[in-house]
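Structures given as structure tokens follow.
Two complexes, one shared chain (chain A), two partners (chain B, chain C).
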Partner chain A sequence: MSLQQQPALEPEEAPAVAVGAPLSSQVTAPVAPGRSGRLRLTLRRFARNRLALVGIGLLVLLFLLAWVGPLLDKWSYEDLDFDAFLQPPSGDHWFGTDQSGADLFAQTCRGLQKSLVIGLLVGLIVTALAAVAGASAGYFGGWVDRVIMWVVDLLLVMPSFLIIAVLSPVFQGATWLIFVVLLAAFSWMITARVIRSMTQTLKDREFVKAAKYLGVPTWKIIARHILPNMASLLIIDATIQVSVAIIGESGLSYFGFGIQAPDVSLGTVIAAGTTSATTYQWLFWFPAGCLVLVGLAIAFIGDGLRDALDPNAAGAKAKPGKARRKAAAARAAASPQTSEADVLGSK
Partner chain B sequence: MGRFLLRRLANYMVLVIVASCLAYFLAALSLNPRSNFESKNPRPPEAVISKTLQEYNLDPHTPVFERFGHWAADVATGNLGKNVKGGSVNDDFGRRVGVSVRLLLISTLLGSLGGVFLGAWGAIRQYRFFDRFTTLGSFFVLAMPIFVIAISLELLAVNFNHAAGSTVLQYTGEYDPDVNGFWAQLLSRFNHLILPTLTLVLVQMATYSRYQRNTMLDVLGSDFLRTARAKGLRRRTALIKHGLRTAVLPIVPLLVYNVVLLFTGATFTEKIFNWHGMGEWLVDSINTNDTNSVAAVSLFTAVVVLVAGLLSDVIYAALDPRVRVS
Partner chain C sequence: MIETRPEPGRAPAAATAPVLEVEDLHVTFPSEAGEVQAVRGVSYSVRPGEVLGIVGESGSGKSVSSMAVLGLLPESASVRGAIRLGGRDILGLGDREMSRIRGREIGMVFQDPLSALTPVYSIGTQIVEALQIHQDLSKEAARKRAIELLDVVGIPDPNRRVDAFPHEFSGGMRQRAMIAMAIANDPKVIIADEPTTALDVTIQAQVLDVLKKAQDVTGAAIVMITHDLGVIAGFADRVMVMYAGKPVETGTVDQVYYTPRMPYTIGLLGSIPRLDNDGGPLIPIEGTPPSMVELPPGCPFAARCPITIDRCLEVEPSLVAPEGVDHPVACIRGYELGREGGLVPEEIYPVPELPEAGPQERLPRAERAAVLEVDDLVKHFPLMKGAVFKRRVGTVRAVDGISLEIREGETLGLVGESGCGKTTTLLEILDLPTGQGGTISVLGKDTRHLKRADRKALRRDVQVVFQDPMASLDARMPVGDILAEPLETHGWSKDRIAARIPELLELVGLKPDHADRYPQEFSGGQRQRISIARALALEPKLVILDEPVSALDVSIQAGVLNLLNDLKARLGLSYLFVAHDLSVVRHTADRVAVMYLGRIVEVGETHKVFEAPSHPYTQALLSAVPLPDPHKERERRRILLTGDLPSPADVPSGCRFRNRCPKFAQLDEAKAQQCRDEDPMLHSLAADHSAACHHAAALQVV
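After this line comes the complex of A and B, so read on.
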């Protein structure tokens, strides 16, 4: 068996390859015990996804742009250059200027900062809220379940855009954190439903019952036994919620219902430029481009995470080496099951 | 099944009533219709403002429960009240629903059919060029807020018109009021539809194709499809009759849900391309502090969500034999 001589064999694939081999010759793969093994495995699978790495790179660049960019630019986001109104991008103003002479690069960086912070905060709050609400509804059942699910249904029926917009005069002048809370309050429901149904199935598993009869307090069961079992769902969902929040925030801010005057977000930067955007197009393309890049980076990362955390995903597996492909072919020939490629395969 | 649906309906009804009442209270408490009259030039006397507002049931000085009582009693008889200009909200409503439907009908059809096609074909050609291209494309579209897509298209149209030297592509409003004659007007309407439709179709295709690709991939690996091939069906027939039909099934409730939701309008698209539909109304009514209109929009949205939810349940039950039998 030439397989065993391959040192590059990875722990995750080892059992699958060694299926046909006698037990004694199984590779003792260097699996680190416990948590670090899972983490390292996920990381390795993640790193194999080129698009996900592009996403990480993009996001790092965007964070650098948001926080390091303003240090390099000689204009602050509050400065007005009275010698340059509506000037196209140049060496002096990298992204051009708007009608009052403000530097668009500084504005965009400032807006990017706020948009990123809002996205991360909302993503965090939403996931926590959904985890607590969903797990409690699923675990306790009965009237707790009914009340929480009723709130979920109610919030789904309420038009969230309209409610936040109607409330916008109320938080005008107040801190933008209220806006974050409102955004989060209207986006946890669907996730909570999913978590609830997963909890319902986990609740009857032996390890949860064992913990329960050993007298572990309920909150500890939920925190230690239920939620870690859906870690992958929570991680992926948090990623998605970040981009949903950034898009939602920019939309509301675009109409003036979101982030208010002294604060700047990408939505308000775009909104400020739209009136003159048809003639002075850089006012739109630069901030909008940043917004799209944020969304794209997060989508790539989310997709990579999903593949890395899902044991069945084909995309994250290592490309089969020559020897392994031969073994796979031998296995396929031995088993009566034909692979789907033979039936529906390429013409 | 019938009893289940009835219980569902009753439950939803309660939710709709609670949601629209809450929305009314929020709107009545946080919006200030008085500002519309105070900013008028010349400014009407205080007493006149109060009297007019009271007549419209919009006066912030009236206790909110009293206003709510009037509003609820009117709504129960089918009267949605008066807007800040004194016109009937019902009239606005009828006009705007029409505009939204004209805007969204074609785009919804194209978007859902196109999405199903792209997704299914992408699944069949998994990891080939077509699949990679559409996957990347839909990532790109989904990463964009819809107003970014709309404005981008608008700016591209501006550049295109500039290059062409005349206004080839229209991007404002629903039709050109200066155009006369039936065919010329039809053409003008069609031209005005292109950009907003393109915006909506892009978004919908991107969304549906993701779902459709996933369900189609599940089906492609299934035993029944192998059986269909084994009994001698051609690949195309097996894929369409046995594969696609099964794979579309889980998407249908989603489609129905979205088709019904189209009545609430496409806020960003309507606002950016200046269509005076339901979506624009939502933003404008808040900006003009028009409490009754806001209440009407939220009531309508809640009802539409309810209908969409019920209808997608029913259709799913009708299509899926497993649900139908049990």
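After this line comes the complex of A and C, so read on.
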């Protein structure tokens, strides 16, 4: 649920939004004059978190690097420079070259394009799937619960690596997005189980009962009350899933499934460079650094979202502390949107 | 130091030295926001055989000060002052030495008897452990003593029950076992921290009785901490009223109850609904207690006090007896109160006006339309056993044939002890069921034959306010969205919703700009007001109130009750008011229904039921409610019920109350046989007053 509220999305992330969209349309409370709905309050609180804004900035830069970078570089990821094998970074090859003369900058950019999309998509799909399945199982109980848990247990005992390996020749030549679906399909189960048990405790809480007796439809109760109350878990899980998916993809690619040469992903570039980490350091550190930056950016955004959604979090409130007030004033001057921020924390 | 003059006949040991003395105790806790000054200068002393009552609202520091005496505060707390037990300063003793004192010289009884007992050891083992730690006793001797103790606290069949585990005991029995442990080593002081708050009134009466008996046996002094002014009135010799970490008034029970001189005490006594009268609005104390982090200079009560003068904001008054007052009061205007030509204590608080009765309320009852009719409602739960093959081994008769009727503009109070089926009844009504047994009609529509859309439409007319104001609001939603939810659900347009939300907030006494805040930023009373606003959003006809004020402090409770009364008159609402607090029900309800084990045993107009209760259970229930009036309380005779509520899975034959009924024990054989064989039905005693008892007879108990 928290996922639909991923704010400030750039165009590149459009497919990611689409996943959350069916839910978000109902969640977004109508913003009436005189009262800001939950969405706007959340955005305002999010904007108050500096690290989260840094995270957003970082992610934007990474996307720019992935898509604009190749336009600036004269080398393509498929090109091989036979005059430069294993060259350290230079004016010609910004990130250096590998043993076959491929330009590492071009490869990293190309890899980032794949990995960013795979990572974010898998993270979103996994969390959304787990949230819907887990919450439905927990809320409805009975046969719905039994069927969903049966599927979960079945998927848990199936060796996912083997199945992806077996299936990948079938999808040979098809779009690599299939790969995203496969990766997502095998990583939602444990989260779903956790969400199910949390739902079981939440559904007996009085505010859920109150909503039920107001006549609020069940799916709306789940989207509006149950899932936001486990936002912390969902966000942390999504953050981890992004990194796990990027790494997991590289593992599969290494064994010849998934992204295939000459196409590259960040995972394959890192995998290729690992052995040279101590000798030809640029082969490892540039792509690995990118991966770390992706992880950091996602973690910062996740933290900011979690604080923004949690009314208890001290960080998101506009506290009349000296340093904070100054920062808030500066930010308010920068963007008129935050100037009403004091409404919330005035107490 | 608080010294009260010995009162003839009331202070048995006035000449003896105090056994526990607390002098100028300060407790501060570090917190994110700064130092929390939880206790700011508490002094008291108790003599052997004396009962000191400490009253105060939540956050007044009453529990923290007693934890300090026990040495049970967390490491981070800093404690100053002096605590002397029998002349020896025990403040600052190490944990090892304190452990020797705790349990032997100071006994403790806590609020929640379930968490105070270890679930994996039998009751006997735990008492034996308490004995053997402090005394050199053999196992057999300790066990014998444990059985004796259980007998003292009135546990039936102690020889057998000594081996029972805590989960096999009911709440009241567990609290008795706790008292047995507390007195096991003949302590000099027993500290009881809200010992009866978690219990039902009839059980509370039993436990207080046991505590009194335990005191007689041991001759210990008791420090009784509670928020219930009624409990203190009958139980304590002296009272200390605490506010914002400081005692503000202290004296004998009579002094404090009959001649209160601190505006806070006056307000507190004026704000409690009483069982012995039903007239007039309650007088709430405006505002909320101050934050204990950065207290402004001056009197901490000044912001809520109706007689504040400029000087109140400058200096914090100390606890001294003002001229012409016989007990110490922390108020600089204390001497003006109650003096001739001075202020009249009863008049310092503005009395809220009673709302005019709405048009429906003025009609005679028979001419008003019925809003809710419940006829012979039954809810049984199967009791299953077995892991693989589930088989039915019994039936839990949670609700076993209930009929009620609520007319327009009327409040029906549904009372009974926990486990009697109140909540099940209420949830059944809210579920608008398709039916196990019996019928429910709302506004004349039978809920069994409703289509889905009609059912949803009917929800508009029946709304609910739950007990716990924190749990019933989604903590992740701003208040505006919480209030918008019912409106969106029932298809209101955005503009109408936007206009309705400030209107609702004002209706319940909040500001329209509160819409952007989260529930956490409100106090308990304000949150309950938000719950009420949500329930009223769709302009319902019937509001079901499930213990709406039981989680609130008394001074706040009065404001919410007044609001409910006011709204009812203004909007022509009907209430189904479910509560265990009979005083609150007496104050708010027009009619009252008393439930026992899934049945209504007595129903009728409130004043008839309260003034002439006719079912023995109603009589016992009413006689168990403590009154905040020391004289009356001392003269009252309690009808103590034996034992606990039977399990609804095992309902006795004939009259379901007979095994606890005080009347049944006195009947001759022929009449008793009737109780055993025949299940009594409700039969009319007077106009709109009926009871389900074969031998119903009115008895004045309040």
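Just so we're on the same page, the second predicted complex is superposed on the first by the 187 of 347 C-alpha atoms of A that agree within 3 Å, B and C clash if a C-alpha of one lies under 4 Å from a C-alpha of the other, contacts with A are read in each partner's own complex, and residues count from 1 in each chain.
Here, a residue touches a chain if its C-beta (ideal position, glycine included) is under 8 Å from a C-beta of that chain, and two chains touch if they have at least 3 such contacts.
All values derive from a computational prediction rather than experimental measurement.
Student: So, does A:Arg38 touch the first partner chain B, the second partner chain C, both, or neither?
Tutor: The second partner, chain C, only.
Student: Once chain A of both complexes is superposed, is A:Pro262 in touch with chain B (first), chain C (second), both, or neither?
Tutor: A:Pro262 sits against neither chain B nor chain C.
Student: Could you tell me if A:Ile247 is touching chain B, chain C, both of them or neither one (first, second, both, neither)?
Tutor: The first partner, chain B, only.
Student: Who contacts more of chain A, chain B or chain C?
Tutor: The partner making contact with more of chain A's residues is B.
Student: Let me test your reading of the model: by the given contact rule, A:Gly91 touches which partner, first (chain B), second (chain C), both or neither?
Tutor: Once the two structures are laid over each other on A, A:Gly91 reaches no partner at all.
Student: Tell me the contact category for A:Ala288 with respect to chain B and chain C: first, second, both or neither.
Tutor: first
Student: For A:Val216, decide between first (touching chain B), second (touching chain C), both and neither.
Tutor: A:Val216 sits against chain C, while chain B stays out of touch.
Student: Of the partners chain B and chain C, which touch A:Phe161 in the superposed model: first, second, both, neither?
Tutor: Only chain B; A:Phe161 stays clear of chain C.
Student: Report, in rising order, the residues of chain A that make contact with chain B in one complex and with chain C in the other.
Tutor: In the superposed arrangement, which is not itself an observed complex, chain A uses residues 343-344, 347 for both chain B and chain C.
Student: Write out the stretch or stretches of chain A touching chain B in their complex.
Tutor: For chain A paired with chain B, touching residues are 150, 153-154, 156-159, 161-163, 165-170, 243, 247, 250-251, 254-257, 270, 274, 277-278, 281, 284-285, 288, 291-292, 294-296, 298-300, 303, 338, 340, 343-344, 347.
Student: Show which residues of chain A lie in contact with chain C when the two form their complex.
Tutor: Checking each residue of chain A against chain C gives 29-30, 32-38, 41, 205-207, 209-211, 213-217, 220, 224-225, 228-229, 231, 309-312, 314, 343-344, 347.
Student: State the interface residues of chain B toward chain A in the complex, per the touch definition above.
Tutor: Touching chain A: residues 11-12, 15-16, 18-19, 22-23, 26-27, 30-32, 124, 139-140, 142-148, 151-152, 154-155, 158-159, 220-221, 225-226, 229-230, 235, 238-239, 264, 267-268, 271, 282-283, 286-287, 294, 297-298, 301-302, 305-306 of chain B.
Student: Which of the residues in chain C come into contact with chain A in the complex?
Tutor: 32, 430, 456, 459-460, 462-464, 466-468, 471-478, 480-481, 484-486, 488-490, 494-495, 497-498, 501-502, 512-513, 515-521, 531, 534, 538
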